[in-house]
Amino acid sequence: MFHLSKKIPVGILGATGVVGQKFVELLSNHPLFEIKALGASEKSTGKFYGEAMTWRMAAPLETKIAQFKLHPCTPEHFPKVVFSGLDSSVAGDIETNFAKASFTVISNSKNHRMDEDVPLIIPEVNSDHLNLLNHQSHKGRIVTNPNCSVIGLTTALKPLAQEFGIDKVHVVTLQAVSGAGYPGVSSFDILDNVIPFISGEEEKIEQEPLKILGELKGAAIKPYPMQISAQCNRVAVMDGHMACVSLSLQKKTSEAKDIIDAWKRFGVSFQNNLSLPSLPKETLIYLEDRAHPQPKLHRHLNNGMTVSLGRLQKCPLLDWKFVLLSHNTIRGAAGSAILNAELMLLKGFIKE
Amino acid sequence: MFHLSKKIPVGILGATGVVGQKFVELLSNHPLFEIKALGASEKSTGKFYGEAMTWRMAAPLETKIAQFKLHPCTPEHFPKVVFSGLDSSVAGDIETNFAKASFTVISNSKNHRMDEDVPLIIPEVNSDHLNLLNHQSHKGRIVTNPNCSVIGLTTALKPLAQEFGIDKVHVVTLQAVSGAGYPGVSSFDILDNVIPFISGEEEKIEQEPLKILGELKGAAIKPYPMQISAQCNRVAVMDGHMACVSLSLQKKTSEAKDIIDAWKRFGVSFQNNLSLPSLPKETLIYLEDRAHPQPKLHRHLNNGMTVSLGRLQKCPLLDWKFVLLSHNTIRGAAGSAILNAELMLLKGFIKE
Amino acid sequence: MFHLSKKIPVGILGATGVVGQKFVELLSNHPLFEIKALGASEKSTGKFYGEAMTWRMAAPLETKIAQFKLHPCTPEHFPKVVFSGLDSSVAGDIETNFAKASFTVISNSKNHRMDEDVPLIIPEVNSDHLNLLNHQSHKGRIVTNPNCSVIGLTTALKPLAQEFGIDKVHVVTLQAVSGAGYPGVSSFDILDNVIPFISGEEEKIEQEPLKILGELKGAAIKPYPMQISAQCNRVAVMDGHMACVSLSLQKKTSEAKDIIDAWKRFGVSFQNNLSLPSLPKETLIYLEDRAHPQPKLHRHLNNGMTVSLGRLQKCPLLDWKFVLLSHNTIRGAAGSAILNAELMLLKGFIKE
Amino acid sequence: MFHLSKKIPVGILGATGVVGQKFVELLSNHPLFEIKALGASEKSTGKFYGEAMTWRMAAPLETKIAQFKLHPCTPEHFPKVVFSGLDSSVAGDIETNFAKASFTVISNSKNHRMDEDVPLIIPEVNSDHLNLLNHQSHKGRIVTNPNCSVIGLTTALKPLAQEFGIDKVHVVTLQAVSGAGYPGVSSFDILDNVIPFISGEEEKIEQEPLKILGELKGAAIKPYPMQISAQCNRVAVMDGHMACVSLSLQKKTSEAKDIIDAWKRFGVSFQNNLSLPSLPKETLIYLEDRAHPQPKLHRHLNNGMTVSLGRLQKCPLLDWKFVLLSHNTIRGAAGSAILNAELMLLKGFIKE
């Protein structure tokens, strides 16, 4: 792992929400970044962080950070690198303001993901898309990570797209309640129940992977030519989004082993060459047990940064079907954003 | 509704299990049938019903029935019509024995469902298949109802098969724990979790609908020519199986209304012409709320005998996609078996 | 049951909330009352009821009622009898306004419960307290029912207070999420969790029973002289509040049978003499199974109006301990309020 | 922390069960002990550990240990120190056999806990009771840890017993399903439900603390003179037993601070003097938030070895009431047993 003479000072926008808290948790003892400022909405500004919200993470909140005073989300209060866990109702403008003021914004919000000049990054999948940053019109930089369901899915698709080509993808998700933030889903709606609808989610799953798997040509990304159909469900699980995936390949194979081997090979050279603190030792893992993966058993593998796969079978309609699981607030949100920042540091897009 | 001079005496095989208890609950005050004998495995034989099991149904167990002595599952103890909620490990031989002894067996077990001469009935869907009974080799009769996930699915498919023709069906289920019986799924495995595997379930969903929607020609059923792909999940819901369905039609339509109207028309003439006590006033219901159906809200519609539909959308891969819900232990099991028996009575396959 | 020439027209204040919806559900086909007007807060006024809220009850909302226009909660829009499911942040003043305008207000809200001239009624327990109504200062009437946890508890205590006298009561509750209304408890806080705190609940449990069991002397109630200690927990149950109760009696008994018999006798003469539509055939039921009562199995007994008891044992510290269960939104809220109204009609406090 | 020239070889009896698996998980990288043999019942003997059971722990099973062959639970297959996670149906005799064969048995099973010559140890509470080992009749040693609910409770009581003396304790528990082992509690019984009964649990809670807090006099323990009343409930929580506790003290105090300070002081000198790998940096922690402790938030504090306390209030009946939480399979079972073994090593009862 590379070392810095001094940690990079960073800020967190939207620090009181669930994604913001996860950023705080994961950055509290980070080897490369150091939290220097926390931002929140007006009603919390001026309060101590520890008093402005109820801490909902598993690891205790560090005393030092609990005593940070909350700032409004305007550039003058922050160091030059900020992580954004802002709500999408405000993220668009605030992030643009920071970028115009020459800040580097690493965002988990949906607002700028599909902007033409904004890279939508999963490091193991499309790190070359970072070069889009050279084409952003403002002086700063905005980098985004995909939707929580999209990250796991697209990571599983990437090696198949590379080795076989993908035509069609059918996805049905079973998503955890933490994806809806706090208070998010009412207990009324989820105890002894399933909700077969998540606002805006199916659209994101049908669109974002095409950009991520697309090809960067000059200042534009040519979308990957495949079709996706998604249906999304909320289930009574705390963390860990599952997906039942069926797909058809361009280059056919009748051997499950070919698919599994492609997954096993994926990420290895990336891991061998790069040494990023949040990079898991396996990006994808294939589990042989016929009832795996399961949220409770596998979401925490490699600190929540590994995507688990299982149940690969031939599909009577498309070619293959399988099940995948990823931790929606770590690999699917804050953890991926931090991995993006680590990659940017390594590639020189963030400077010491 | 037709009336009998005297209720038909019936027995229940496998009365102590969860399906058996549901038979007892639903038949306790039935207008056409009267429970006269209960059968169980050897270890319970001779005990009072009320003491041999823990009653797990919502309606209190009737005192009269609690005092029935349990019989072994052999013909001499039973009236001529028996409902079978037997475990599949024993149902095959026991049901055959009763049929050879001239009994009418209305079974919820899987063992004989795919036998060539055994009708697999959903009354609103394929009541004409009852004529297969005239071709059974033994003196008695065996009638079966489909798997709990198959009943809802096939009922939703029937009007589309009739009006448009169906080529392909993709199903992902989210199934309730009551489908696994008692003790069934361990709390260890389902709290804060999803299990993406249910033994034998995907195979049943891929096969049974072809028989049900098939055409009876003489003594054989010609399977309906379509392909189904199923992936099954167990979720932390007590009752109510959901399914996310995508399908392609032979005759295309671009109007959701055409599909919804086909569903709305379905069953109406059947309901107008037949008056069966367990027949719901709507077999299918389409819910307009974009987050419906949901197990907790809709499983009990029309006493658990209605199949709820919602979220009809165009599918980027196949033609249409939607969500369906049915109560797995009522419409999906005991309630459907009883409806089968009512139909048989009406059609003269059970005689006063 | 007594009959009216015409049903009494009633209104419901706070009709869009969860308690309000339960009032609507239970009054939709009531033999004595007919819903004529629904009231809500300003933001819903003027909308159709069916569009102003998401209906969360198990029974479908009647079309006729869905088409009621919502009124502001001011007297001119309502018939002379109103049920109040208002939030406590506004219930106090609104209910007082209605009472001053000569209305009869049957309230489930906490605001006026402990007012000196307001009866806090459980019909089987203290119907004589209705006479307090003759002493209210305004022209109308306000009657309240106790807190959802208090109703079950106090009903179980009443026969013991009568027959033995009670000194001390220790209560630990395990309460359902529906008690917190909608959206109420976040799924974040209750999946795989217990919350050992419910705001204001312990105070109500320690105070309200003393008034209910107290003696009406002229225009005042002399509180019952006992001490209660309560600890309250929220658990992942949809409906049904449980309580673990220990108590010491003034007149000792060493026979569990004496206690159980007192419970069994309770309410019988009330039920024999009065015929109220919502009165359950048993007010208290004692379950012999050593693992009963349980919310899922027993909350619905007698349409949710019966209080279930079980596990009576000697307590090494006080005298006896036991477990009780009552349906918090029916017996513990709207169902009890309606039973209060039925009693008032019978006693002439509501006139045809 | 003290160091050994070589880790102590240990065996695990009952290694396939949930407690056994937790022993395997916690001992897999233990600095003082090394797993050398695993024992199971006859039906698993000879199989590889990884194949004989489904691994249900969060940390992945180490490959080396997965390849251990399972032995029958007889002394010739094991090193001289064994941990026992045996089911109580067989633990009594097997543990005695090992002790007679000069083995040191560190048991989590209930069978020998109340034997006169067997110490029932919580290191921070009664480490001096280990001296009972000098009086055991066989050549080996049996040491036990208390029941999962008793450990947390008794640890919280100890400083109050020391500083104030305790007369009476009233406990109502809300216990996690993992306490019932696998498959344990059926999903049927716990989804949307509470079970107000756990077989044998109330008796253990009423008895074991008296021995643990008792005084060792020669070869006997004089029980601590107080009375306990317990009621036990199973709730839909995966891990973490809660308890609502009320108690009366011999020496009164009217200051919550006195109680809290006693808790805060507790264990500190123990921790300062002893350095055991499983000893948490705080044995007791008092949480100020009025809705804490909660299972999901606090069970993992200090790797599951800290007992969390909160909500200290005056009790209208006894003197004080509060809420406590402990991780039932770590502090309440395997973790405590391992801490016992570490203490025995330090005290010379286990030799290098």
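We call the chains A, B, C and D, going by the order they appear; numbering starts again at 1 in every chain.
Going forward, contacts are C-beta pairs under 8 Å (C-beta built on N, C-alpha and C of every residue); 3 or more make two chains touch, one makes a residue touch a chain.
These are the chains along with the protein names UniProt gives them: A, B, C, D = Aspartate-semialdehyde dehydrogenase.
The model shown is predicted, which means the values in this text are computed figures rather than measured ones.
Peer 1: If you tally contacting C-beta pairs, which comes out ahead, A-C or A-B? Let me know.
Peer 2: Here the pair linked by more C-beta pairs in contact is A-B.
Peer 1: Just give me the whole-number Å value for how far the CA centre of subunit A lies from that of subunit B.
Peer 2: Distance between chain centres, rounded to whole Å: 42 Å.
Peer 1: Distance from the CA centroid of subunit A to that of subunit D, rounded to the nearest Å?
Peer 2: 40
Peer 1: Rounded to a whole Å, what is the gap between the Cα centroids of subunit A and subunit C?
Peer 2: Spacing between the chain centres: roughly 48 Å.
Peer 1: Could you say which residues in subunit C touch two or more other chains, in rising order?
Peer 2: 56, 189, 191-192, 236-238, 296-297
Peer 1: Think of each chain as a node with edges to the chains it touches; is that a line, ring, star, complete or other?
Peer 2: Contact pattern: complete, every chain touching every other.
Peer 1: Looking at the complex, which residues from subunit A come into contact with subunit C?
Peer 2: Those residues of subunit A that touch subunit C are 18, 56, 177-178, 180, 182-192, 236-238.
Peer 1: Which of the residues in subunit B end up touching subunit C in this complex?
Peer 2: Residue list for subunit B touching subunit C: 54, 56, 58, 60, 191-192, 238, 289, 296-297, 300-301.
Peer 1: In the complex, go through subunit D and note every residue touching subunit C.
Peer 2: Subunit D residues touching subunit C: 168-170, 172, 174, 189, 191-197, 206, 227-229, 231, 233, 235-238, 242, 244, 246, 290-297, 310-311, 315-318, 321, 323.
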